[in-house]
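Note that the chains take the letters A, B, C, D and E in the order they are written out, and that residue 1 is the start of every chain.
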Amino acid sequence: MNPQKPSDNHSPTDCEILELISYNRELHDKYTGTYTTVESILNKIQPDRVNWINVDGLNNQDLIEKVQTHFCLHSLLIDDVLSDQRPKAEEFDDYLFFTLKMLYRIDGTAIDYEQISFVLGKNYLISFQEKEGDWFDGFRDRIRLDQGRVRKKQADYLLYRLIDIIVDNYYNVLDRVGDLIDETEETVYQNPSTQTFTKIQYLKKELIYLRKALFPLRDALSKIVKGESDFVKEENIRFFSDVYEHVIHLTDSLETYKDLVSSLTDIHINAMNTKMNEVMKVLTVISTIFIPLTFIVGVYGMNFHYMPELDWRWGYYSVWGVMILIVVGMLAFFRHKKWF
Amino acid sequence: MNPQKPSDNHSPTDCEILELISYNRELHDKYTGTYTTVESILNKIQPDRVNWINVDGLNNQDLIEKVQTHFCLHSLLIDDVLSDQRPKAEEFDDYLFFTLKMLYRIDGTAIDYEQISFVLGKNYLISFQEKEGDWFDGFRDRIRLDQGRVRKKQADYLLYRLIDIIVDNYYNVLDRVGDLIDETEETVYQNPSTQTFTKIQYLKKELIYLRKALFPLRDALSKIVKGESDFVKEENIRFFSDVYEHVIHLTDSLETYKDLVSSLTDIHINAMNTKMNEVMKVLTVISTIFIPLTFIVGVYGMNFHYMPELDWRWGYYSVWGVMILIVVGMLAFFRHKKWF
Amino acid sequence: MNPQKPSDNHSPTDCEILELISYNRELHDKYTGTYTTVESILNKIQPDRVNWINVDGLNNQDLIEKVQTHFCLHSLLIDDVLSDQRPKAEEFDDYLFFTLKMLYRIDGTAIDYEQISFVLGKNYLISFQEKEGDWFDGFRDRIRLDQGRVRKKQADYLLYRLIDIIVDNYYNVLDRVGDLIDETEETVYQNPSTQTFTKIQYLKKELIYLRKALFPLRDALSKIVKGESDFVKEENIRFFSDVYEHVIHLTDSLETYKDLVSSLTDIHINAMNTKMNEVMKVLTVISTIFIPLTFIVGVYGMNFHYMPELDWRWGYYSVWGVMILIVVGMLAFFRHKKWF
Amino acid sequence: MNPQKPSDNHSPTDCEILELISYNRELHDKYTGTYTTVESILNKIQPDRVNWINVDGLNNQDLIEKVQTHFCLHSLLIDDVLSDQRPKAEEFDDYLFFTLKMLYRIDGTAIDYEQISFVLGKNYLISFQEKEGDWFDGFRDRIRLDQGRVRKKQADYLLYRLIDIIVDNYYNVLDRVGDLIDETEETVYQNPSTQTFTKIQYLKKELIYLRKALFPLRDALSKIVKGESDFVKEENIRFFSDVYEHVIHLTDSLETYKDLVSSLTDIHINAMNTKMNEVMKVLTVISTIFIPLTFIVGVYGMNFHYMPELDWRWGYYSVWGVMILIVVGMLAFFRHKKWF
Amino acid sequence: MNPQKPSDNHSPTDCEILELISYNRELHDKYTGTYTTVESILNKIQPDRVNWINVDGLNNQDLIEKVQTHFCLHSLLIDDVLSDQRPKAEEFDDYLFFTLKMLYRIDGTAIDYEQISFVLGKNYLISFQEKEGDWFDGFRDRIRLDQGRVRKKQADYLLYRLIDIIVDNYYNVLDRVGDLIDETEETVYQNPSTQTFTKIQYLKKELIYLRKALFPLRDALSKIVKGESDFVKEENIRFFSDVYEHVIHLTDSLETYKDLVSSLTDIHINAMNTKMNEVMKVLTVISTIFIPLTFIVGVYGMNFHYMPELDWRWGYYSVWGVMILIVVGMLAFFRHKKWF
């Protein structure tokens, strides 16, 4: 599956779109429209079929209210759909509410979060998306072409499949994070630059945000897996259990990546310190060799009238001799200290 | 909603104020007074209405005692109202006690905490505030004008609405913290000054205090959500559940912000080290280039009578040649070491 | 309340002191004695009253054994009274055992710990103190003068009051720690000296020890609050619950202070590094300015016979001109690098 | 047991291999084949024996499907067998599914992970391995030669034995990590080089990955130990309990190693700092001794016409005297500061 | 009690020793032998007494097997006795298995661990020790001389007493760790040498290992305290509860010591940095004072023919004057910066 975002248009949609896919074992119908044709589409819902109503864009209050009225949705539920929400599952009298984040990777590194909320009734599933475009196009084709189990199953299986697709996408996003960690690790040993450090901090931040999306999702799925919901049939719980395990696997990976990124910081700091030490050693070696020599030549640059050495025939060469001895001694000392 | 503090007067109030709002579906009355008129106001309470008694300022022992006597409040409860308390919910025989912190943002950054305590009885709600001024003025208008559900509901819904308003304000405060973190992050990469570091530490401190207010609030609400209280009707638990989720969402954000601020400290330290390294490199480059050169010119500044080089025709130019070679060699070495 | 230690004498007492306060609604008697008069005092115990037996000093085995025999105390309980113990509540067949630490602040900063153990029977309360002197003198007067509820209540309420007084004292101690943290924070930004760092470490250590005293106390009180004890009446559990909440509030503050002290360490380290960087910058600025200049003057200090510049009329002034240009260039470079 | 990988061939196998070991108290048969002969081998399964079917290599969809069909395996189970999975135990109607990681040590340090999945039925055990080669060859001989208990026991005991062998291998891997930590500790005190640091980071990384394999395995085994499975007989739970304890022991060791490796990082950083300090001290000692001396000889290298000292008879020797005094004074100062 | 190891011989014993102490209220017998006389000693066991069988050294398979056969010990139990085990309690049909670590302090600092395992039956207690020598000699005398409760009690009380003695010894070991921490703290403030740092790391390591021995012991004892064992009588649970509390107290101390040792590392690093800063300051002060002076004297060492200052009468003294002014100015600057 292509981890790039499937649709180009990815800013909050003004033109709300309503889509109804209605199917059973034999039949399959699809209706789309904007908020002007809401009623006519809602009238197409048939009690003996699975009806998937998808709403793209949440800015048109009129459309949302019509959907709310048609399905008798609680005002608190609509509040949750419309505002940024922690992933959660909540059971109402006539439906199950489930909300989570759908992830998109932008330009290969940045991650975009879209909130998607589901309302699962006896024979319908409503999905509310903040923006147009999602990961379900391939699956819409599978429903239409009657591939796999979905046409033989009810609305709860449909919910499972949609969550499963979203969670599968988390793997793509997290794998890319893992690749970036590996790439950065190679760089950081060679060249602990500020860019590398910024990259490490960026990865850390992404993991912090992913954690915020993943951990509550685990709790939400665990509610369903424990069989607390009337709207998920006993026989389908195993499917939700499968997604639940995927999410736990993902949180494990997240913790692992967190530890690896924290290691990267240590490596960066160490590489920087090592480089600094090397600089200091060069400074020290050059300074400690030449500072005493400069003193010696300074001595014989003095202008005292009475300085016997100056008149010696081999004075100049003797000074060179002494200085060479000092250099050799110093180098031996540095070698002994293992400074180079 | 304006996140700035609504009332100007914000020092512990001397003039205690008592306010009674008494309403049902049809009727709405409001009485205010100071401690001199306490009895007359308390006599206005009507059993067939919802009676909201608000007390501003807790220094007048006389007023507090009259309220205590009128509603038979436990002495431990009054102790809790009067002293700094951990947010909590406690069920007594005749009422439910709930205390939490109300937040105000001062001058756009500092946060002020006011303790507010509620006593929820069958047909009344008492709110004790440390200081005059709160976030409820808009809601008082909604009650008066009969907007929303509140006039159709009982005292427990009123409690929910007041807590909800307080918690909504936490979002404002926390969003501002988030903005400050973003601002600081941009600064810290450019200029790791002491001011930036002080700002980071300030943010850290605010988060520590917010944590102290938020985490116990979660536990207090969870008590009500579990249906342990006789004073919150079954049908209204979902509303408290909604606030409870808000608080969990807030604690998630708090943890996220804590991690981000801890990252900021890392970034600051790294930026400081990088700057230091640059300073050291300049020192080392200049020193290691000129210290050997200074030695060489020192050699030919010596006053030995017998120094053949001094008499050479091209001696002076040869020295310059040697020195230029050394400088070129050194620069090549530094370039090789990638020091600049 | 004065947070200073009330009694001067605070070394393990040799002269063991036994004190009996025996009271009911109407009557109040007080008897004191040393281990020579133990029996006569124990005989004063009256079944229809609350009898509070206080033992100061635990070194006299004879006295301890007489008390043990009189109340049939288990040998493991006596072991716990005599040795350093984790705060705990333990139910025996005929009494409830409760042990905790009483805190004293010495010289305004150091904290002293005294173990105090209680044995609560049907109509008596024994308190074992390691040393003479406690925080109960004011309360002893309240009993004598029949102030508050205590004379109307039984031995379990007496136990609550004594624990409450001890826990109230923890607030004094912890508030002082909070003040010290604030004081140190101001200092550390200005002057990151070794004394400041030692102070920070001292605070950290005190918090580590306080934690050891507070966390088990929470668990011990929680046992009583859950109603697991036969010796605390149902109606009085709310009082223990109040102390329990105080202890939770204290542990919250402890965690907060721990985070603040850990911040102080960060601030100290950062202040030290900033100072170091400043020192390095001064060294670098002075060195990089004067080292090249010294080289230049060294060049014209050479004694070559053929050095044309030396004979130039404006040679000397030209050198000064070149050197001034170099200094100006360097200063511009440093200003550009924002080193000062 | 030899901790080196037993089989040479360790890349994902193309030629899938199917192996059937069928035994009871009296009889033992072994059949092997590739996917072309799957049916004939599956037909050899006998209901009154323990049948162990081992599948090496998971790329041949045809073979996997035939096994799936023969044992009516759930599609979710096959998904789990084929993709990277968190260790877990899952009970189905007709079998128990168990998956974990098998470890190989490559070249004495690197660790290779192979996923192995088990399906335990009433009279059969299927094991799916990603690659050819495992740790069971010695045990296959024991079955054939009827050594130990295995031929007297059922398929659940066989599962226990295979898991036990895999977990025993974890000990080999972890002991090697422990040895590497000890080796590195010795090196790091002597010579805090970049290689040592890289080694430390490598160990940290291995522990992070091992943690990911071990912790979920603990939970999976705990499920069986609690007696939740119908496919493990009551009498054999004690055996699984034994492996369970091994895994807990291993996680304890893992945490211990994690703490030790974190200590190693501290030691490395400290050793590097100590070395840096030593370098700085040498630089400081040489500089502070010779810089003032160089100044002094510079003074008497000045060419002023009127400099009385130059004409003194003992001027030159006096300067030497002053310089020696300065050197002695400096050395005394450094000695006093304990710099060497 | 002497915390030094009681017996000299402390290498894994070759000559296995079997010891039987058989007692009741009236009688006491003691038999010892090596593996050649195992049967004869096992035959001395009398059903109406408490029989304590102690095995020293676990290398003689023959002896172990005879004991196993005599008491029908499970093969998994014997595995646990013979290999390194996590402390644990495990209930079998006919006995309770309990294993833990016995600590010895070697040369005042190092800690040696010996695994000791107990099998508690109805009327017997077997203790398996890896090596000869233990902490029980004083207690063996108390049994013989009928001191304390032990002769009036059954085998479960005997187990309690032995565990109690082992745990009391943990206090000795941990107190010594506490003393070492105090000693090191004093040193580290004065002299942050590499030896001190190595000592701190050593303490950290010891605490890591102690943690591994103590935490599982707590869980093992908690099993017995919860009354889950049939082999510990109801009336004796309070004794095990006492040891259990000791172990919790020890784990509290361990955590406290861990925090203190982590503080020590901080103190060490800070002391090292402070020292480094001082070195840098000396270097900077000397360099920044003398480098400009050396430049000045260099200026007047130049050999230009036309340098007016050289001919001035007071030129030389003026230069000294300027240099003294510079020094005074520098010193004022350093004083202002609070560098010394």
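We take it that a contact is a pair of C-beta atoms (placed from the backbone, for glycine too) under 8 Å apart; a residue touches a chain by one contact, two chains touch by 3 or more.
Chain identities (UniProt): A, B, C, D, E = Magnesium transport protein CorA.
Only a predicted model underlies this, so the values are computations on that prediction, with no experimental measurement involved.
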| item | value |
| --- | --- |
| Both-way neighbours, i.e. chains that touch chain D and touch chain C | E |
| Interface sides of chain C and chain E: same vs different residues, half threshold | different |
| Averaged-CA centre spacing for the pair chain D and chain B, given as whole angstrom | 43 |
| Mean-CA-position distance for chain D and chain A (Å) | 26 |
| Overlap residues in chain E, where contacts from two or more other chains coincide | 280, 283, 287, 291, 294, 298, 301-303, 307 |
| Ring path (origin chain B; first step to chain C) | B, C, E, D, A |
| Touching residues on chain E, where the partner in the complex is chain D | 74, 76, 79, 85-86, 88, 90, 191, 194, 197-198, 201, 204-205, 208-209, 211-212, 216, 265, 268-269, 272, 275-276, 278-280, 282-283, 286-287, 290-291, 293-294, 297-298, 300-303, 307, 309-313, 315-316, 319 |
| In the complex, chain B residues that touch chain A | 189, 238-239, 241-242, 245, 248-249, 252-253, 256, 259-260, 263, 266-267, 270-271, 273-274, 276-277, 280-281, 283-284, 287-288, 291-292, 294-295, 298-299, 301-307, 337-339 |
